[in-house]
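Residue numbering begins at 1 within each chain, and the chains themselves are lettered A, B, C and D in the order written.
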Amino acid sequence: MTMSEFYFGYALFLLLTVAISLIRVLRGPTSGDRMLSAQLFGTSGVGILLLLGRGMEMPALWDVALVFALLAAVAAVAFVQRVWKSGEQKEAKSDAS
Amino acid sequence: MISALSLFDLVLIILLLWLAWHLLSARDLFRATVLFITYGLLMSLAWVRLKAPDVALAEAAIGAGITGALVLVALGRFGEAESDEAEPGSLWLRGLVASAALGLFALLGWAVWSLPTEMAGLKAQVFERMGESGVENPVTGVLLNFRAWDTLLEMAVLFLAVLGAWSLGEAEEPSMPAPGESLLALVRLLIPLIVLVSGYLLWLGETAPGGAFQGGAVLASGFVLLLLAGVRPIPSLMGWPLRAALGSGFALFLVVAVAVTGGSRMLLEYPPGWEKGLILLIEGVLTLAIAVTLGVLFAGGRPPASPGAGKRGEKR
Amino acid sequence: MPLNEWIGLLFILAAAPFFLAGSVGLLRFPDLYCRLHALTKADNIGLGLLILGLMIQSLSLADFLKLLLIWLLVLLAGSTAAHLVARSALRQGRKPWERR
Amino acid sequence: MNIVLLYALTGCAIFTVGLYALFTRRHLLRKVLAANVAGSGLFLVFIAIAYGTPGERPDPVPHAMVLTGIVVAVSATALALVLAVRFRAVTGRTSFGEEEEAKRDEEPGASSVKAPDDKDGEGT
């Protein structure tokens, strides 16, 4: 196994953890839970980009990771500021689990 | 043995297809939006795998910083209560559309399948003449020299989009909770870094992946963040300075395009020796113009006429 | 392979369980507040170890600074997002889960 | 099957799914999402073909075109969303079609096939 194979395998592993947490997006139950899963993808995405950048020997990918990290909070801010202030009633019933 | 990288590709493709399907068929619109944001993130991994780092950078900036926030804000304005509506529609009509779509997919798939395996594309021509382009990153060379025409027209499209949004009315004052300390702290920390990274990407674009689009998109996310935190713009900037910034990209590009014409040179054919300087000038202005345009589009309307109730701004 | 690459590799490997724990925690924990906890494990420690490993491997100041910036940004984004979401949830009157 | 073909076919599939949803979904926000998804499928085909050109580096021309396309798509999306929000504010409805759905109950059978509306224009 070459070294780059190791990084690719690791990136694959991180991609699989992303796939696992997608289940949380489907299950919810609250919008907050779904948003948090998206937040986790940001983190795993940064990890994947760093590993691929190393394995593919493309330093530009670390810049992509930098942009990911820089803007990782924007969606969550939009969510709490504009979406998740209404609609509690609707969720309340499914939240009982 | 299958290599880890091909397995990665396979999983990525399956996830992309799964997400595309589920985000379009989710009953809950919020769920669809979160899946859409994830889809954008994974798409930029696909660009990375296909060795298109310029595109990946733009997708990362736009997908993470702008599109997600745009859709979330629109969802907030629609009101969540209405988002859960079932999608009615007669079954056989859907079947009809589905079979038409399947037919289309078969055609497209066949077209892609039967493409010659070794297509030269325009790569040879581009790399052969890179020396004349004035820059070292081939994508920047194509965007701002060889096919600068495309970029010029793109700026026209952005300008038209703003005209369209502004003609629909003033941006309404959004109702949102007052930003807490932690949000304000985040904004204070991030805004300078966003400006810095945007400049970094612009500077990189000459030799490495990056450039005006990526820098502009990152800067636009800064405006998005300020608007989301409820930061008021300086009213005096909302008049002609804002309009000047919006028009600057298209206007400057057009002026340069016409000014270099003359003698035997055609529109947008930079005089030898001037390429680098002109490209730098255009890119610098484009970055700002793209950022302001996207910021204004995010605000969703023209700034209110009455002074003191402006909509978005830069330098606080 | 030079020694620093091996050491870096160890750190990178050590990060894996935390990423897995983040995803599994997100899936298995009973409510939003607990899941926040799982989330921050992945970005604090998981990505932290991964980045530390890459730093040790690269031995260049520019890379070092860029990686450090990435990690700090992810930390900032993760913790602020978690805080904001939790605050919204509390304001809406969602009670934290209790063992019964 | 090589990786280029795999990505290109995925792009075709995503484009088709997006187009299907554009025609069959009624809610305006869903239509905007559908147009975006269809556009991204198209981009994927472009980039895959650029990757497939012989030689070490991909063809930069499709990259530049997709880059332009992404920026145009996001501005078109923003405009479409402004229009959709405005439409909702004026009519109180969240989708096109003749039937009154202010009460938003399920009407049996969509009476009209919606034309591919102008507001979902996605770029390139």
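The definition used in the following text is that a residue touches a chain if its C-beta (ideal position, glycine included) is under 8 Å from a C-beta of that chain, and two chains touch if they have at least 3 such contacts.
It should be emphasised that the depicted structure is a prediction, and the values quoted were computed from it without experimental measurement.
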B-D or A-C, whichever has more C-beta pairs in contact: B-D
Distance from the mean Cα position of chain D to that of chain B, given in whole angstrom: 15
Centroid spacing, where centroids are CA-atom means, of chain A and chain D in whole angstrom: 23
Cα-centroid distance, chain A relative to chain C, in whole angstrom: 11
CA centroid of chain C to CA centroid of chain D, Å: 34
Sites on chain C at which at least two other chains make contact: 69, 73, 76, 80, 84, 87
Residues of chain A whose C-beta touches two or more other chains: 18, 35, 37, 42, 66, 70, 72-73, 77, 79-80, 85
Shared interface positions of chain B, touching two or more other chains: 49, 51, 73, 75, 77, 183, 186, 190, 193
All chain pairs that touch each other: A-B, A-C, B-C, B-D
Of all residues in chain C, those that touch chain A in their complex: 1, 9, 12, 15-16, 19-20, 22-24, 26-27, 32, 35-36, 39, 42-43, 46-47, 50-51, 54, 57, 63, 66-67, 69-71, 73-74, 76-78, 80-82, 84-85, 87-89, 92-94
Interfacial residue positions of chain B with respect to chain A in the complex: 3-5, 7-8, 11-12, 15, 19, 22, 28, 30-31, 34-35, 37-38, 41-42, 44-45, 48-49, 51, 53, 56-57, 60-61, 64-65, 68-69, 72-73, 75-77, 79-81, 84, 174, 176-177, 179, 183, 186, 190, 193-194, 197, 201, 204, 208-210, 214, 218, 221, 224-225, 228-230
For the chain A and chain C complex, residues of the former touching the latter: 3, 6, 10, 13-14, 17-18, 20-21, 23-24, 30, 32-33, 35-37, 39-40, 42-44, 46-47, 50-51, 54, 62, 65-66, 69-70, 72-73, 76-77, 79-80, 84-85, 88, 95
Chain B residues touching chain D - in the complex, by the definition given at the top: 6, 9-10, 13, 16-17, 20-21, 23-25, 29, 32-33, 36, 39, 43, 46-47, 49-52, 54-55, 58-59, 62, 66-67, 70-71, 73-75, 77-78, 82-83, 85-90, 93-94, 97-98, 101-102, 104-105, 108-109, 112-113, 115, 117-123, 126-127, 138-139, 141-143, 146-147, 150-151, 154, 157-158, 161, 164-165, 168-169, 213, 216-217, 290, 293-294, 297-298, 300-301
Touching residues on chain D, where the partner in the complex is chain B: 3, 5-21, 23-27, 29-30, 32-34, 36-37, 40-41, 43-45, 47-55, 57-68, 70-72, 74-79, 81-86, 88, 94, 104, 106-110, 113, 123
